[in-house]
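Order of writing sets the chain letters: A, B and C. Residues in each chain are counted from 1.
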Amino acid sequence: MNVMSPDSYVTADGRTIGGTLMEMKNITLRFGGVVAIKDISFDIREGEIRAIIGPNGAGKSSMLNVISGFYVPSDGDVWFDGAIRPKMRPYQVARQGIARTFQNIALFEGMSVLDNIMTGRLTKMKSNMLSQAIWWGKAQKEETEHREKVENIIDFLEIQTIRKTPVGNLPYGLKKRVELARALAAEPRLLLLDEPMAGMNVEEKEDMSRFILDVNDEFGTTIALIEHDMGVVMDLSDRVVVMDYGRKIGDGTPDEVRNDQKVIDAYLGVSHD
Amino acid sequence: MPDQFLYAVEVIINGLMAGVLYALVALGFVLIFKASGIFNYAQGVMALFAAMTLVGIQKGQIPFAKLINTVMGTELEHFPWTVPVIPAIILAFGVMILFAIIVEKYILKHLVNQPEIILFMATIGLAYFMEGFGDIMWGPEIKKLDVGLPQGGSFWIEDMTIGLGGENFYGFFIDKLDMVATVVAILLVAALTIFSQYSKQGRALRAVADDHQAALSVGISLRFIWVLVWSIAGFVALVAGIMWGAKSGVQFSLSLIALKALPVLMLGGFTSIPGAIVGGLIIGVGEKLFEFSIGPLVGGATENWFAYVLALIFLVFRPQGLFGEKIIERV
Amino acid sequence: MFYREAGDFKTSYEDDSQTFPIKFDRLRYYAVLAVAFGIIPFIINDYWANAVFVPLMIYTIAAIGLNILTGYCGQVSLGTGGFMAVGAYASYKLMTSFPDVSILIHILLAGAVTAVVGVLFGLPSLRIKGFYLAVATLAAQFFLVWLFNKVPWFYNYSASGQITAPERTVLSIPVTGANTDAWAKYMVVLLFVTGCAWLARNLTRGSLGRSWMAIRDMDIAAEIIGVNPLKAKLSAFAISSFFIGVSGALFFSVYLGAAEVGEAFGIQKSFLILFMVIIGGLGSIFGSFAGAAFMVLMPVLMKNIFVGALGWPTDLAAHLEFMVIGGLIIVFLILEPHGLAQLWRIAKEKLRLWPFPH
């Protein structure tokens, strides 16, 4: 059902979608006797917005955790940037250029917004312990350089006023935005968003959708997201994977998926058209 | 049978009995941890305080005598009476219940929803407070605790086993007090298990342990449960205090039994009653056997740290403890 | 009027990230340094040095060390006493083996030795978390104290089992041993505490500090965004132990002069330092000073009141002290779990807006 040319192409709204960035090949994930993901394959192309949808417990979050390296698949291979990914720790995956946000916000509550976003740049900061201890030379210079990058992101996401506020004091919507800022600070090649709009009101959802599109557009970041709000998913994404009970039941453009009988049966219920 | 082997057997038997006592103290920790998520460092000081209170009541000591004397210039010391063992134990238990109520009312209630580590530190503060309080109330001197438990080695067992070894083997030396302590500890563990499995309060206790919020929503009073578990822990402390106090006197070092129970908890897990028992036995036997076999080579007194190092090494290979399920981390 | 940031615009990121962004704070900080280095050494006497300043500053170093591990990196340790003992015995062995090398270098080396030991006992932190780790650090406490007690090599086979600091000089002024002047002790310790506080501040504001705090606040998320937990935790153990080792070395060589391990570095010491960190404020360098000051000054004050002024027997006063310390810790945790540092921050925040309430 997923017929696409292997080469790059240009979408209707003028964005260029490149070749395959990440490919999941026959991924299976088991916890003891429970099979969370069963033999799923799909790919993510450079520059596209890829959505994973499915009912609760379908294994979407587990899939995202496999991509971000938090879970190691029981079977199957993860290909990233043309090479098979060896067994590695999550922080090594992050260094390959995969950043993510979390379903239940995972900000560092004891730190300010600025510090939180600065943690996103930890993968790129190289000054040694000694230089940091005397706060001279490389450490200070590096700090300033990275601060500039972070300030750009702060401007981009319009959170200048809360820069020095402890994140614990922020309302939910802003926390989500700070989390996005932290992920963006890593300048990822692949950005994973775990239900970026969960629990938001309409206005906040619109803001967040705009930010996601802008990120994709301005930085050319490849995005994979999980989302419950069907309207949002269909509007935002270029291609959609549909999961149910740990299996893949559909894959294609929003229109293709919307009209796929298996998907309608399993997830969308009766079509409203 | 070679004597060396028999000595080792004797060490193991003594280790098992020490282990039962460790398990008893660990049990007090587990109860409170399960019901309130509090790692109660004060458990050891509670045992000391309970034992001091028992001795004080038995002898008819006037509480705070020295403080009153210093401030008022009086010469108080003893009431003109002494109290028999059984009523004294009941009274001491009453004091521990009162203590539980005070702890709930003035400390726990105000620390709801704080991170576990804050609660833990609060109990360290509580331990300090009680240590000073106990000394002011009953005086700091070493006290002899006598509740009529048998003392000394059992000649009967020595006579029965003397024939097993060579002529330098005089039979197993086993302290009668240890045997009594073992029986009492086993009874107490059994009683607590039955209580928590079959009584109404026990069911409420397990509900609270599972999920505070859910327990509240079905009408269980959290505050009552807390008073209840702290009272039970107070009782366990009293029993442990009696056993250890009868053995080596009521003195500050008694509060250090809490430190003996900590590695037991690491092995067995903070929430598992069977874990506390098995862990206690492993540690008891392990440290006695280690001291017996390796101790002489390295200067002895290995009991101070052996349990900790054993638990540490064990946890590195099995972080979920003896009976815990494999931890699946989530984000 | 004076405590304002309005009008004080920062034009570079360096300026914006300095330690004291408000001018008044900066001035006060320089004033404190000036008094500490320029005035106190000339007026200090034995009582003030031995009862207050020297122990206060040595404990501050230890508290900073523990604060890095517990307050910044979130790994609770109850092994501080044991690590202080490592510093003390390392400095003793170095002092007696290489009498020609400066004592200042020995103290730093003692810190380095402690850092290595700290990393060793920090290794389990990669597998064990929370309470289990706290209890596991007790293994370090008990094992190290036992080791220094039982292996005569550590105390140079002395008959008493004690270690005694020989006289050592800096610029031909004795700083250890019986002939040391109060001001010399004071200056050595002041030098170290200033240096340690400065290092700690720098380490906690850069990328290393952020990776510690990330681990503290949410270790799993930290690893997923790219923090190497091994590196973060072990570096926290190393640096924390370095400070604690320096503190232990100073405690033995400059302050006590002679020490018996179980007495000087027992588990009570671990708790004492932990209390300082809690009362002062987790995750705050200033809090380490405040907490150490509190825990050193309070017993002095209580002794003066109850024994000195009211004429109570010392043992009664000692018991009361236990009660007060314990009670205060509980009260602090209930009223202000973030410690004195937080009270200080709130006061400054109020002052910034004064005389307006908002």
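Some points to look at:
By definition in this document, contacts are C-beta pairs under 8 Å (C-beta built on N, C-alpha and C of every residue); 3 or more make two chains touch, one makes a residue touch a chain.
Model, not experiment: these values are computed from the prediction.
In this assembly, B is the chain whose CA centroid lies farthest from the centroid of subunit A. Of all chain pairs in this entry, the one linked by the most C-beta contacts is B-C.
If you average the CA atoms of subunit A and of subunit C, the two centres end up 42 Å from each other.
Distance from the subunit B centre to the subunit C centre is 33 Å, each centre being the mean of its Cα atoms.
Centre to centre, using the average C-alpha position, subunit A and subunit B are separated by 51 Å.
For subunit A, residues touching at least two other chains, in rising order: 70, 102, 106. Residues of subunit B found to touch two or more other chains are 329, 331.
In subunit C, the residues touching two or more other chains are 220-221, 224. The touching residues of subunit C, when paired with subunit A in their complex, are 12-14, 17, 199, 202-203, 205-208, 210-211, 213-214, 216-218, 220-229, 235, 239, 283. Taken together, the subunit B residues at the contact with subunit C in this complex read 39, 66-67, 70, 107, 110-111, 114, 116-118, 120-122, 124-133, 135-136, 140, 259, 262-263, 265-266, 270, 298-302, 304-305, 308-309, 311-312, 315-316, 319, 329, 331.
Interface residues of subunit C facing subunit B in the complex, by the touch rule stated above, are 76, 123-124, 127-132, 134-136, 138-139, 142-143, 145-146, 149-151, 220-221, 224, 267, 271, 274-275, 278, 312-313, 315-316, 318-330, 333-334, 337. Within the complex formed with subunit C, the subunit A residues making contact are 68-70, 89-91, 93-95, 99-100, 102, 106-111, 115, 118-123, 125, 127, 129, 132-135, 139-140, 142-144, 147-148, 151, 182-183, 186.
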